[in-house]
Amino acid sequence: AWSQGMTDVGTPRKETLVVDILTGRVGNPRRMNPYLEGNALVQGLHQLGYSILWEIDTVKGTQYPALAATLPEALDDSFTKWRFKVRKGLAWSDGAPFSSADVVFTARMALDNPKLPYHRFIVNNIKDIRATDDETVELETVNPLPKLTYSFGAVIFGNSFRVVPKHIWEKVDPLTFENYPPVTIGPYKLKDSDPNGFWFLWEKRDDWQRTDVGQLVGEPKPKYVLFRSYGPEEKRVIAMAQNEIDILTDITPEALEILRLRNPKVKAWYDAFPWANLDDPCQRGISFNATTAPYDKWEVRWALALATKIDDVSIATFSGMLRASPIHVPPISILMKSYHEPMTAWLKGFALPDGYKPFDPDYALRMGKRLAAERIEGLPKDEAGLRQLFGVGWWKHDPAKARQLLESVGFKKNGNAWLLPDGTPWKMTINAPADFEIQSQRLAFAVANEWKKFGIDVNVQQQQGGVFATEYATGNFQAGSYWNQNCAIGPDIWVRLEWWHERYVSPNGQPASFNRERYKNPEVSRIIEQMARLPVTDPKNVEQGTALLQELVKGMPVIPMFGTSKFVPVNTTYWKNYPSASNYYEGPWWWWSNFKYIVARLEPAQ
Amino acid sequence: MTGTAPLLEVRNLRKVYRRGGLFGGGSGGGPAALDDVSLTLRPEDGKVLSIVGESGSGKTTLARIVLRLVTADSGTVSVAGEPIMAQGGRTIDNRALRKLVQPIFQNPFEAFSLQLPVEEYLFRTAINLGDAAMRRDPRPAIDEALAAVGLSYSRVAGKGIRAFSGGELQRLSVARALIARPRLIVADEPVSMVDASLRMTIVNLFKELSQKLGVAFVYITHDLSTAYYLSDVMAIMRQGALVEFGRPEAILQSPSNDYTRALLDAIPTLDRRWSI
Amino acid sequence: MRLPGKLALGAVLIGLIILVGPLAALVAPEDPRVWQTHPRNQWPSAEHLLGTTALGQDTFWLLSWSVRNSLMLGVSVAALATLIGVGIGLLAGYRGGMVDRVLSFLMDALIVIPSLPLLILLSSMTKGQTSLLAVGIILVIFNWPFPARQIRAVALSMRERDFVNLAWYSGESVGRILWRQMVPYLRGWAVANFINTILVVVAVESSLAFLGLSNDNVPTIGTMIYWALKYQALIAGRWWWLLPPIISIIVIFVGFFLLSNALADRLRVNPMAAR
Amino acid sequence: MARHARFLIGRLAGYVAVVLVGITFIFIIPRLLPVNPVEAMLGRMMSQGAYMQEDQVKALREALSDAFGLNGTLLEQYLGFLRRTLLSQDFGPSLAMYPTPVKELIGQALPWTFGLLLASVLIAWVVGNALGLIIGTMPDSRTSRMLEAVAIIFYPIPYFILALVLSILFSYVWKVFPLTTTVRGAPWSWELVWSIVYHSFLPAVSIIAVTFGWWMLSMRALSSTLMDEDFVVYARLKGLARSRVLLRYVLPNAMLPQVTFLALQLGLMFNGSIIAEIVFSYPGVGSLIYTAILQGDYNLLMGTVSLSIVAVATATLLVDLLYPLLDPRIRHR
Amino acid sequence: MIVVDNVVAGYRTPAGLVKAVDRVSLEVRDGEILGIAGESGCGKTTLLKLLYGSFGDGLEIFSGRVYWRDPDGRRTIDCADFHRHWWEIFSYVPQGSMSALNPLMRIAPQMLDAGTGANRADMAARRARIARTLAELDLPARTQRLYPHQLSGGMRQRVMIGLAAYVDPDVVLADEPTTALDVVVQRQILENLVRLQRARRNTIVIVSHDLGLHRQVADRVAVLYAGRLAEIGSNDAVLGRPAHPYTQGLVDSLPRLGDRQPRQGIDGRPPDFMAMPPGCRFAPRCRRAIAACAGSDPDPRPHGSDRTAACIQLEEVAA
């Protein structure tokens, strides 16, 4: 229904990049105050409006200065005093110059407003902050903070510390300020938006040179970026099939297949199998509440791992387009190099206390054969290629061993059904997301299917976002298809794995912020404490990380399974030079704060 | 006084129909349908009270109040000493009421469901209100009642209301009321659609029942001749009020009221032709 | 006339559904809930009458289980909700007064309360093991007030008719008056409500599935449609997965429609003539 | 008169009771649900991957609980809620979209819901009843047999499918309608009205398609029974045109249940139509309720549902009072 | 003139045919008042429905013909087409008219409705006529604004009479139009009707079991017995000097005011249509029946100048 070369918001289609809104329609579209937590930001404000002091290089997994001109420099050995500079020559979208005063103002605003949800975080971390001149910021932290850039820069997705313009915000009450239209620092500014929250139109700033993107990359080509929501997947697919949208976020493999067949201009991350980008920084698996019997026993968790035929799970989940991971960090390119591959030897030799060696290095080869039999094209021919694609291997499917492990802790098999040590039938519920995070949802069903075959009465309970999150936080679950805990993007895996520390464990019923598996392992906690003391760039991080992962494998609080395959198709009708496997200059996370760097590299296709 | 209670006693009945509408309220619907009507049928007077009157004079209203299908604004009603309607006082329960009083409705075409075989009403009456024998086998009683009104079971069996003529339906209504053997039958124009010959048969039946079984009748009609023939006491109504009340002979021989005279005058007979 | 034709067609359709549903489910050689028992996305063939799903289930056996469950749930919920609704609606309208006041309050309260949060509560209390029975009970509880409210209105008017009065004077109990005098006028309506409620039940199943509240252990027509959509059978053109449940629900509906109308016609006394 | 006054008072008491029960229910149920709006929001933030430290999470948790008014005993919360809703019709801020006031969200969604659903409910009602009347009263005519056949085959198609097929047909295969809602035009201009009508067309058609069936079925049943009634038979003997017999004699006598349910539907309309709104990206109340349930947004849920509670209760009250107008024989006992 | 030519008509029931009108021939002459009398269930209503051409409720003509011919004899209409002329040539007061009114419409619009097809006189005039007609029927003016259930039985019946009369059709067919009326009102209405009829020379057919009523208003009277025409002729002949034993019986059973002696109707009961006695249908109840009666079912034959009657012993019976 779009008329001659125009979008229905009145911009020339050729000059407009149309992007899916990750969360769908925004219910309160005129509220763009990033410091009020109920305001959705992924309609462009987060990706294009604000800039982060230190942005993440999604290829290398390391941070680089963005809004800041330099990485922070520690002024003392205890990592409490820091200094960094901000970029020169930048300006806000209303033309006012940007300076270190804005950074300081933002921090002070949070410090001085106890009612601001962000306040406590700042208070706990920053003791003092000041601008010594227009470009220099000095700050003092409450405690030693060697990984300062993790706290105030992007690691995954972005960072909540969003610098706001002092000249605007000093006149308003941040607790009620709508911030519409927002004055921003990114290369685009909000031009128009739908009062009903279906679309948001961003326009390239005339003074794009005075932004970090302009300085670091150059002029972005799209004059407009239109974020818009099309509703259910069917509609999103139709929209892309008829070239109404350029970038879709997160669809199912089935939908991608349809798109590929319908529209040759639609490209996925790979040009052939497995199509999906496999480098998402959170991996998928099944978590257990380690304080709830019988999942409090490592034997049980290990038995469940061995009762799982990972090949079938992979097929059922995403038709095999998955890279397996036997350890607790995602098998993304960077981490495969730092951990999975180096640890393979250890995995092969790893034995359970009774001497049984559970590792199975040949998942990749079996999958290669199986998929070739299904006449899937584009599979690597050689073993190395297969291993690179499908991962270093996984745990054996060995129901006999699983049975033995269970019987060793008092379980009994009655016919085809398992009885708990107390003689009652073993019933298990796996919490799964309903209709969001499709991979986790499907994984839960697929795993349940495996364990049912093994004789456990497993039931998958799909839950909507709120319930799913609440039960996870309060420990009101036996097992769950959760993914928050095992995320990492760079060789320093401390950021998320730190959550395994036992000090975060709360009693069941009370919300826990982290370690919601409620897994207590003194050794794990000890390693985490050691890692916390290492600066970001210290090579010992990997060494300690490896030790940590080994410890987690022994305990198996989560059965890690696959990296996350993200199907993020792009349409090359109007734009080209999207990042892809063969053009890997950024990861494909359109909803991360580094999206503006991707936009700046796109080229018109016509 | 013998000490026996009156068969029917109506005291100071008043009824004004409401206008209806959104709030159903407002009393000014029209003139009173019943305006302070009192009448009594004592056992010693006889068994049959006939009510004759102008169309729209409140006969049906009176009957329906006795049947508790319409609530009066004020007044009391009792049947055989049992209070049916009392201002604030005790009244008999529904079961007892149905044993005591039975209706024959004015419009036979409305008196039976379109969706049921008409015989069902006969059977249910026999089963619900009859004695033990009747409950066991209602057929004899039904056959008897049908025969009394000039019908037979085979003509009735399984038929719906539309398969009957108007007179047949009236006869069925009568038969049903007879099956119940109540103390009082309130018959609202029970034979208006029945020819003279059958009408006599039915009226004779009423007479017989009242004499043999002691069933009392409120016989609403505009047929003065059968009213006279049948009734022991007669009431003449006009515009919601009783204009005459007494023995039929007395009323008809020496009408005290213009309306009564007009009534007598207007009866079409074979021997006399109106001059139009 | 046409009646036997309708009756026959209705019977054939329902017979077909019973054959494909409950009967086939009885003899199913495999448990269609288990995934990956067959190659995925197979076209219909001699081996797999309706092909296989993207999860490697045999569509035919999946369909038969689904039809069986939906039929059981739908028919019993529809029957109960209609019976209770018509019964209570008639009672409230016919008796009036306090009875009506109390029953109307009940109806209104249930109509007013949205069932969705309650279903979520139920499913979270039972840890997702919500049985068909529990869902059925909730559905009955929330579906009877609608017919009741409508029927009450009819009863309010019908109680003023003389044949109802006559039945009352024939000594009929309240129950029989409602059943024999009023229900025949509403039989057609009740039948319509019954078959409509079957549809409502299937629709609720799929919206529950849509909200992630259905139990994966109990395949139903609604959930089957949901999963097919979820795996994009619609836009991928995998008709053999999506069409059978849709056709089933149409056949169930049309079958019951014909059957029940024909039966209602039979039961009805033609007022024109003898039976 | 007294009887009538008694009826009115009783009915009004019932009305208040229904509203109170409903509102209490909607206050309690979400609080029994295993969903905590604070955790839901934290969950959302974490699954989007924002980096956080534990004290940050804790701090957020406390700040949010406080801001959301979830502190205090249930009774205190309840009384506060009643006071706020009954006295000032204020439902507080939305929790999922904090601090947007619930009122503002509802105010935005209401015209949409209203426009779409009011029109489609009414059209479905008219169309369904008209068809039902024709089919019920002329069961032997060719047209009505055809209409009936088509209607009963299409009616059972599940809504979701129908809606999707419609949008594929009319937004992809034959691109006459838009895929999503983009309303343009200055407020209260013709352009805006046209734009809204244009965007509401497909959802309206699909809602009509799935709702008219009930009207048709029920009207068919009611009217075919009525054809036996004396007054209908006589109306035909009066030589009236068939249409007049149907419209003036049959139809009004079948209206009681139809009007009753229509009133209920109009009341329930404030619930929106969740699935339609999702499929067609329609910014109505339905999608608000959906978000509210998913995110444990108590305030939003209470706001939207209270609205529908009051609407339904009022609708039933109104029809109850209207019955004597629809059928003058009805008296209140 | 409506001609009924040797008609057999009735209802098809699973138990068999109900020939409620059996081999009946008669004419309804223009400008006359024809009374139809007979026992309950003898087929009066059925005959009237034939004259009206109303076949909606299962009535069928098995043989014979009913048609209307205009006074000049130029136009004939078969009864199958009568319905096109309802409320133009024909109007009808059904029996049980009390339930024939739409309970949800006020009286005035229901009356206005009738004949909208044929009679397009302007609304105001029609309203005025309705008001006049109702007044003539002794109904209060507010009746127009009432709903049917707010009227008494007799009032409803009067409304129905008014409904049939106010459009002034050529033929008015009235089925027991005054059953619910008290005699005063009845007399008034009938007198009115006759007076109007005389003025306009239209045709009226009145069905009634009340011989007294026929005596007052009818020009000619037809008597039916069990579906057959027993006797038809002038008022004076049929009711003054009945020729048929059945008519005689009817006349005799008429109760007289002031008479309290038990009176018997005609012996026995009307026969069942499913089980008609062989030969003359009246024979089993006839006081004068002879053996031959059981053998023949006589057709009406002329008896005197203005009557026909169906009895093999006519001569003897004639008074």
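The letters A, B, C, D and E name the chains in turn, as written, and every chain counts its residues from 1.
In this text, a residue touches a chain if its C-beta (ideal position, glycine included) is under 8 Å from a C-beta of that chain, and two chains touch if they have at least 3 such contacts.
Keep in mind it's a predicted model, so treat the numbers as computed, not measured.
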Chain labels contacting subunit C and also subunit E: B, D
Higher-contact pair (C-beta pairs counted), B-E versus A-C: B-E
Per Cα centroids, the chain farthest from subunit D: E
Maximum centroid distance from subunit C, chain identifier (CA atoms): E
Chain centre separation (subunit D, subunit E; CA means) in Å: 56
Euclidean distance of C-alpha centroids - subunit A vs subunit E, Å: 93
CA centroid of subunit B to CA centroid of subunit D, Å: 52
Chain centre separation in whole Å, for subunit C relative to subunit B (CA means): 48
Subunit B, residues touching no fewer than two other chains: 20, 107, 109-110, 114-115, 162-163
Numbers and ranges of subunit C residues touching at least 2 other chains: 120, 124, 160, 185, 187, 210, 229, 234-235, 271-275
Residue list for subunit E, restricted to those that touch at least two other chains: 11, 13, 57-58, 96, 99, 147, 149-150
Sites on subunit B touched by subunit C in the complex: 67, 69, 98, 101-103, 105, 107, 110-117, 120-121, 124-125, 127-129, 157-163, 173, 176, 180
Interface residues, subunit E side, partner subunit D - complex: 52, 54, 56-57, 83, 85-88, 92, 94, 96-97, 99-105, 109, 113-118, 147, 149-150, 163
Subunit D contact footprint on subunit A (complex, rising order): 1, 8-10, 22, 25, 27-28, 31, 36-40, 42, 115-121, 123-125, 150-151, 154-160, 175-176, 194-199, 228-232, 234-235, 238-239, 241-242, 244, 281-282, 437, 464-474, 476, 483-484, 487, 495, 504, 511, 513-514, 591-592
Of all residues in subunit C, those that touch subunit B in their complex: 161-163, 165-172, 176, 180-181, 184-185, 187, 268-275
Contacting residues of subunit B [partner subunit E, same complex]: 17, 20, 29-30, 52-57, 59-61, 106-110, 150-152, 154-155, 162-171, 188-189, 192-201, 204, 207, 222-226, 228-229, 252-253, 259, 262-264, 266-270, 273-274, 276
